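Next, two complexes with subunit A in common: one pairs it with subunit B, the other with subunit C.
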Partner chain A sequence: MTSDDVLRTHLQELRRGTVVVASLTALKSPGYGYGLLQTLARHGFNVDANTLYPLLRRLEDQGLLTSEWNTEESRPRKIYRTSPAGEKVLALLLDDLDAVGASLASLTEGDPA
Partner chain B sequence: MTTLTDRYVHATVRSVPEARRDEIARELRASIHDMVGDRLENGEDHVTAERAVLTELGNPDRLAIQYTDRPNHLIGPRFFVTYQRLVLRLLLWIPVPIGVLAGVVDLVDSGSASAIGEGIGAAVLVALHIAFWTTLTFAILERVDVDPGLPGWSVDNLPELPTGRDVSVADTCASVVMVVVMAAVLVGQHFRSWVEDGDGGNVPVLDPGAWQPWLLIVLGSLVLELFIQLAVLRDGRWTMATATANLVGGLLFAVPVVYLAAGEELLNAEFFSQIGANERSFDLTHLGVLIGVVLTIAWDVGAGYVKAWRSERLTSAPSSEPQAVR
Partner chain C sequence: MTSDDVLRTHLQELRRGTVVVASLTALKSPGYGYGLLQTLARHGFNVDANTLYPLLRRLEDQGLLTSEWNTEESRPRKIYRTSPAGEKVLALLLDDLDAVGASLASLTEGDPA
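The block that comes next holds the complex of A and B.
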C-alpha cells in the first residue's frame, strides 16, 4: 500500500458520514438524484454517483427522506425532500460535527487537561 | 432495440428484491438519462456519453449490493473471530483421529498397505467437510437477522500469564498413569494373556523370544519416562535437560521396538494363528507398529524440546512491569 492509498483510505473514512449530512441539508429544498450530485460537487462534496443513489434510497427507507415522482416534465424524476424526522437527525448530526471541530480545536491549542 | 442503458439497468435490478425492482429501475434509468444529457450538452456524442456514464456507475452487481444493503462479505467482523476459532479447533481435533481410525479399520479389514492411503484420504475428506459446513453455517448466520446467542467475551476469558509453572499436576498424573498401564500390559500379556492355546496354555501377544534383552530395555525406558515426568513436575516446566533425557528414553523405547518389528520378531506368530489372522496381517501389523512407534516417539521428543525452548525463552524475557520514570 503506497502512502497515496493510505491517504485516500483515510480521506474516504473521514468523508463518509459527511455525505449524509450534506444530502439532508441540501434536500431541505426538494431535488432529484443527479441534480443533488451536481449541487454537492459544486460545494466540494465529490460523491460517486453509485454511492449517492443507493444512499438516497436507504435514507428514504429510514424515513429521513420522503419522495414523490414528478411527472410534469418530459421524463419523470424521483424528487426527494428531507422529512421532519430527517431534519431532527440532521440537527443532531450538525451538533456532533461542531463538537468534533471544537474537540479538535481544544486538542490543537494544547489545553493542559 | 436494446441499448446499453437497458442492459445496465437490467443487470442491476435482477438481483435486488422483486418488490422494489421496478422503482429502482425507473429511478436509475432517469438518473442515467440526466447524466447522459449533461454530457451531450458538453458536446459529446450519444454513444461516447452513454458508455462514459455507465463506466462511471461501475459494475452493476456492486451497485445492486448497495441498493439491497446486503453484506458484501462472506463472513463479517461480527462472526469472524468465533468462526476462525471454531474451524481451527475442529480441524485440529477431528480429522486426524478419524483418519487413524479409518486406517486401522481398513488394516483389520483388508490387511493391505492401502490402509495408510485410506486413513489420509478419510482425514482430508473430514477436514473438507468441516471447513465447508462451518463456513456455510456462518455465511447463513451473517445473512439472517437473528442473534444466535454465541457466548460473548469477558475479562474472565483472559489467558493466565506464563508463571514458569506451566506443567499441571493433572498432566503429570495422566502421563504417569499411561506409563504404568503400558508397563502393566507389557508384563501382563507375557504371563497372563487373554488368549489360550488348545491346552489352556498362555499365548503372549508379543514374541516370548523378544524378552531378553529387548523388552527389558523397553521396560527400562518406561521407568526412565516415569522419572522424567516427576522431574518436569518438580521443575514446573520442561528444561533442556529433561528434554534430552526424554530423547534418551524415546530412543531406548523406539530402537528395540523398531529393530524387532523390522525383523518381524516383535509379535507372537502363534498368537496370530490362534486368533485366526493370516500371515499377511502379521506382516502388516509389524509395519503398522513400526511406523506408529517412530511417529509417536518423534512427536514426543520434538514436543519435549519445543516446550523446553519455549519456557526458557519466557523465563529469560524481560519483565513487563512498568519501570519507574524519573
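The block that comes next holds the complex of A and C.
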C-alpha cells in the first residue's frame, strides 16, 4: 500500500457515512438519482453513480427515502424524497456529526493519551 | 432490520473514519492503547477495545503511528505516537472534515436535487 493509497482509504472511510447525510439532506426536496448526483457534486461530494444508486435503493429499503415514478416523460424515472423516518435519522446523524466535531476540538486542545 | 438497527448502522458508518482522526490527534502525545481508549471515551468516542487495538496496529503498519516498548514495568507495554506521516494524513483528514461540514451547510441552505 503506497502512502497515496493509505490516504485515499482513510478519506473514503471518513466520507462514506457523510454521503448518507448529504443525500437525506438534499432529498428533502424530491429529486431523481441523476439530479442528486449533480447536486452532490456541485456541493463537493464527488460520489460515483455506482455508489450512489445502490445507496438510494438501500435507504429506500430502510424506509428513509420514499419514491414514486414520474411517468410523464417518455422514460419513467424514479423520484426520491426523504421520508419522515429519514428526517428523524438525519437529525440524529447531524447531531452526531456536531458531537464528533466538538470531541475532536476538545482532543485537539490537548489532553495526553 | 429494525429502525434502531438502521440508525445504529448509519451512526457506525459515520463514526468509523472519525476514530482514525481522533486516534491520530490524541497520539500526538505518546500513549498506550488502554490510555487512548480512556482518553477517547472521555471525549465522547466510545470505541471498543476489539476495534481500537487492531486499528492501532493497522495505523502502525501504514506508517501513521510509530511504537516503542516500555520495558520499565513488570509487563512490557507498547507506546504509540503519531508519526510525521501520520500528522500529514491527519491534517488532510481534518481539512476534509471541514470541507464536508461546509458542503453539508451549503446543502442545508437549500438547493433542490
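One rule holds for everything that comes next: the second predicted complex is superposed on the first by the 110 of 113 C-alpha atoms of A that agree within 3 Å, B and C clash if a C-alpha of one lies under 4 Å from a C-alpha of the other, contacts with A are read in each partner's own complex, and residues count from 1 in each chain.
Everything below uses one rule, namely that contacts are C-beta pairs under 8 Å (C-beta built on N, C-alpha and C of every residue); 3 or more make two chains touch, one makes a residue touch a chain.
Being a predicted model, the structure only gives us computed values, none of them experimental.
S.K.: Touch check for A:Ser3: first (subunit B), second (subunit C), both, or neither?
M.R.: In the superposition, A:Ser3 touches subunit C alone.
S.K.: Pick one for A:Tyr32: touches subunit B only (first), subunit C only (second), both, or neither.
M.R.: In the superposed model, A:Tyr32 contacts both subunit B and subunit C.
S.K.: Is A:Thr66 touching the first partner subunit B, the second partner subunit C, both, or neither of them?
M.R.: A:Thr66 sits against neither subunit B nor subunit C.
S.K.: So, does A:Val20 touch the first partner subunit B, the second partner subunit C, both, or neither?
M.R.: In the superposition, A:Val20 contacts subunit C only.
S.K.: Using the touch definition from the top, say if A:Leu92 reaches subunit B (first), subunit C (second), both or neither.
M.R.: second
S.K.: When the two structures are overlaid on chain A, which partner does A:Arg57 contact: first (subunit B), second (subunit C), both, or neither?
M.R.: first
S.K.: Just to be sure I read the superposition right, which of the two partners does A:Ala49 touch: subunit B = first, subunit C = second, or both, or neither?
M.R.: first
S.K.: With both structures placed on chain A, which of the two partners, subunit B or subunit C, ends up touching more residues of subunit A?
M.R.: Comparing subunit B with subunit C, the partner touching more subunit A residues is C.
S.K.: Please report the subunit A residues shared by its interface with subunit B and its interface with subunit C.
M.R.: In the superposed arrangement, which is not itself an observed complex, subunit A uses residues 32, 35 for both subunit B and subunit C.
S.K.: For a test of understanding, state which residues of subunit B touch subunit A in their complex under the given definition.
M.R.: Its residues touching subunit A are 23-24, 26-28, 30-31, 33-35, 38, 56-58, 62-63, 66-67, 69.
S.K.: For the complex, which residues does subunit A have touching subunit B?
M.R.: It comes out as residues 32-35, 38, 48-51, 53-55, 57-58, 75-78.
S.K.: Considering the complex alone, what residue numbers of subunit C touch subunit A?
M.R.: 1, 3, 6-7, 10-11, 13-18, 20-22, 25-27, 29-32, 35-36, 39, 42-45, 62-64, 80, 85, 89, 92-94, 96-97, 99-104, 106-108, 110-113
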